[in-house]
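Have a look at this one.
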Amino acid sequence: MKEIVKIIIGLTISCLFAGVVLGGVYVITAKAKKHNQYLDVQQTMTKLLGYDKVVPPDLRFNHIHRYIIENGDCTCLGYMLPVKREGDEGCALLVIDLQGRLAGRYKIDIQPEKALNEQDRKQALEKALDGEIVTYADTAVIATLGGRRTAYLLAGKFPGFKGFIHVMPALDSGFRILGLEILEHSEDPGLGGEIEQVYFKNQFKGRDLDHLKYLKVIKQPLSKEYKIYLEAKKPEEIYSNADLAEIEKKYQNSDIHALTGATISSRAVTRGIKNIVKKFIYRIRILDRVISENKIPATF
Amino acid sequence: MRRSFKISFLLIVMMICVLSGKCRAGDRFIRNSAFKGDRQIIVTFAGPVSDVWANDISNFTVNEKPDPDIMLEIEDSTLSLDKTSLVFTFKDPLNREVPHCLTLKQIIADGRSQGTATVTLRKNYLAHLFSVFLGAVLIQNFVFVKYLGLCVFLGVSQKKSTAVGMGITFTIVIVFASMLSWFLYRFVLKPYHLDFLQVIVFIGLVSLTVQGIDTVLRKVNPALFKSFGVYLVLVISSCIILAVPLMLAANDYDMFESLMLSLGAGVGFLLALFLMASVRERLELANVPTPFRGMPIAFIITGLFALSFMGFSGMSLF
Amino acid sequence: MSSSSRTNRELFINGILNENPIFRLALSMCPAVGISTTVMNGILLGIAVLFVQVFSSCTISLIRNHIHPRIRIPTYTLTIATWVTVIDLVLAAFFPTAYKSLGIFVRLIVVFCFITCRLDVFAARNRLFPSCIDALGMGCGFLLGMVVVGGVRELLGMGTLLGYNILGFRPMFFFALPAAGFFTIGFMTAAFNHMETVYNRKKSTSRGSAASGAGL
């Protein structure tokens, strides 16, 4: 009996000690992790827009958070976006029904910067709407340069060959693909892991929606000329204007060349990008119409 | 031994019953709905429907379940000659990986309305579960494709009998441990944002399961314990036992998927052990160069197995 | 005490050569096969393991007189799991890229047998300083093993070392494939074994000749 008590006390003390250590480390690292992640995402976004070192001061990222709102048996979409208020900025939630009409408009009491934090955002939302079930869906970013839209940055994930692949495609204001970044993946190094290579990602550049819809993956190897063009950091410095135009014309309609030994990963990325971009364009058109029809003072 | 087989068989039958009940169509009048090819959906009705109703595309809406706002464009709907099955053709190829919602407004059959029906189309759930299982056994075999659990794998694959004993013990432990950790993760760790405690909680649960099975087996069936008890301790030192709960947590699997994945991981490990043991038994008769005897040749054989298992990659079943 | 008979230097070398976890004990091979495609990955995981081993050894050595013998193993597991979680959190917060490339293996350090083994065999019976040295030796042995395997695979598979282009071409792309880890380790262990036999034979023949000389 005495031994059991001894054992229990021993184990309890060690567990308590472990708990204290872990809790302390978590408190210290959680903040740093959030901050580093924020910086990382910010850097990826500016890089995708083509700003390597110098970032123009009037570049601004407007985050639009999409929610699915269920109220009884009717389902609506909620878009939380930054809006202008007198001398200040706040957030608004636009509820749009499935037919694309504005069904409600709420003022959310939160700063756009603070709304980046999922927990804070959720709290503010719950305060504004009561009783409705709100599920977070995704976040898209509209980049503006001095008030004019320059690009859309989307985020999404889809299953690859081994695990989920997280990507961030960028579209320009005319919905052409501006660039693609692979944020996270667990494909095999040397095979599927090559989706990180510049020459693969750049194959998506310049495609628009009509073209993207029917984009296929083919197993032919990349021609040398095309690969050099794709890998060039600044193609306009290597090629003369005429050459550049010729190459772009030659390859603008080509399909995506699969990576050697990683056809499944290549297909997964192509299909995933296709889906993300297609859905985003569909939604942003509705949202834009609603914003202009109802004269909502959005910041973008 | 026989009784336990009976019980497990009964459990499996019950599970199949529950699951097959789950994937029936939602409405009484609609008998079946399924994907057909890349851009078609076929719906079968219990009786003949009106062809005027069926040919009016505005009666139907289709959307992917996670995106209720995006209606897919239907190009054409054609009714079969006996008027009981309807085929929808879509403008763009469908993404069959996600479940689709199909709404049929005011179905008209025999001259009267049958009401509005909503059906959810998904890949057959049972088939999906089976593909998760087979995926864990062959395509993503934990030993040969994911390179986990090698210490135990190399340690106990000397003889077929030990390999089978270890494999069975391992399967039982991993199924129990992963289900426990799935419950704890889903209902405690995740709601309270304690994700960072995953490792410590899961390893504790694994030890608990092993200790529990040890105690129960010792009391209930001493003969079985005598033959399998030795392996129980070894189970803890295999990475797979921790990797499976971590994967379940990372991928948000539901209960049956988790069950299938852990079962698949166990069976895959058993398969790997058995294959390796068969080769190593033969190898004892072979003339292996001295420096390669023991571990090195075992590694090279594992490498050959791994290469051959690469052939399963990309295999998709359903 | 076993440590009294051995100097600190011997303790340190023991982990690297005589009881190298990868090449001699063949324990904890999973990461050695799974992610040793580049030297960098090897170094990162090696450092993580080194930290876990040193911290756990020190902890166990400090509390060794208070551990009840019946809950020995659970205490070890708890200690290792705590330190692994700490490393996991720190890596995720401050070195996100490294954390991403190591994937699930950081968390799997918990079940690496040689760490528990070292706690039981050494740290639970020795004072703080020797335990620390022993853990350092073991950790460095693992680090070295990972770096060597990673180096061979990266050089032969991609023609680079630490990301720098050395050869300018890919001699055998096969080695970058995941399955090649088994072959690399198999051949390297065989090479170690061969060297050992040759070394022993030389020693025994020289001793044998000395003995026969004495006999004459």
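General observations
Each chain gets a letter, A, B and C, in the order it is written, and its residues are counted from 1.
As a convention for this text, a residue touches a chain if its C-beta (ideal position, glycine included) is under 8 Å from a C-beta of that chain, and two chains touch if they have at least 3 such contacts.
The shown structure was predicted, so the numbers you read here are calculated from the model rather than taken from an experiment.
Among the chains, the centre nearest to the mean of all shown protein C-alpha atoms is found for B. Farthest from chain A, judged by the mean position of CA atoms in each chain, is C. Between the chain pairs A-B and B-C, more C-beta pairs are in contact across B-C. Centroids of chain A and chain C (each the mean of its C-alpha atoms) stand 39 Å apart.
A separation of 29 Å divides the Cα centre of chain A from that of chain B.
Here the spacing of chain B and chain C, counted between their Cα centres, is 35 Å. Each of the following residues of chain B touches two or more other chains: 196-197, 200.
Residues of chain A in contact with at least two other chains: 18, 22, 26.
Among the residues of chain C, those touching two or more other chains are numbered 74, 78, 81-82, 85, 89, 177-178. Against chain B, in their complex, chain A makes its touches with residues 18, 22, 26, 68, 75, 77, 96, 98, 100, 137, 159, 161-164, 213, 263-264, 271, 275, 279, 282-283, 286.
If you check the complex, the residues on chain C that touch chain A are 35, 37-38, 66-68, 70-71, 74-75, 78-79, 81-82, 85-86, 89-90, 92-94, 96, 100, 103, 157-158, 173, 176-178. Every residue of chain C that touches chain B in the complex is listed here, in rising order: 26-30, 33-34, 74, 77-78, 81-82, 84-85, 88-89, 104, 107-108, 110-111, 113, 116, 177-183, 185-187, 189-191, 193-194, 197. Within the complex formed with chain C, the chain B residues making contact are 145-151, 154, 196-200, 203-204, 207, 236-239, 241-243, 246-247, 289-300, 302-303, 306-307, 310.
Every residue of chain A that touches chain C in the complex is listed here, in rising order: 3, 6-7, 10-11, 14-15, 18, 21-22, 25-26, 29-30, 32-33, 36-37, 40, 184, 186, 188-191.
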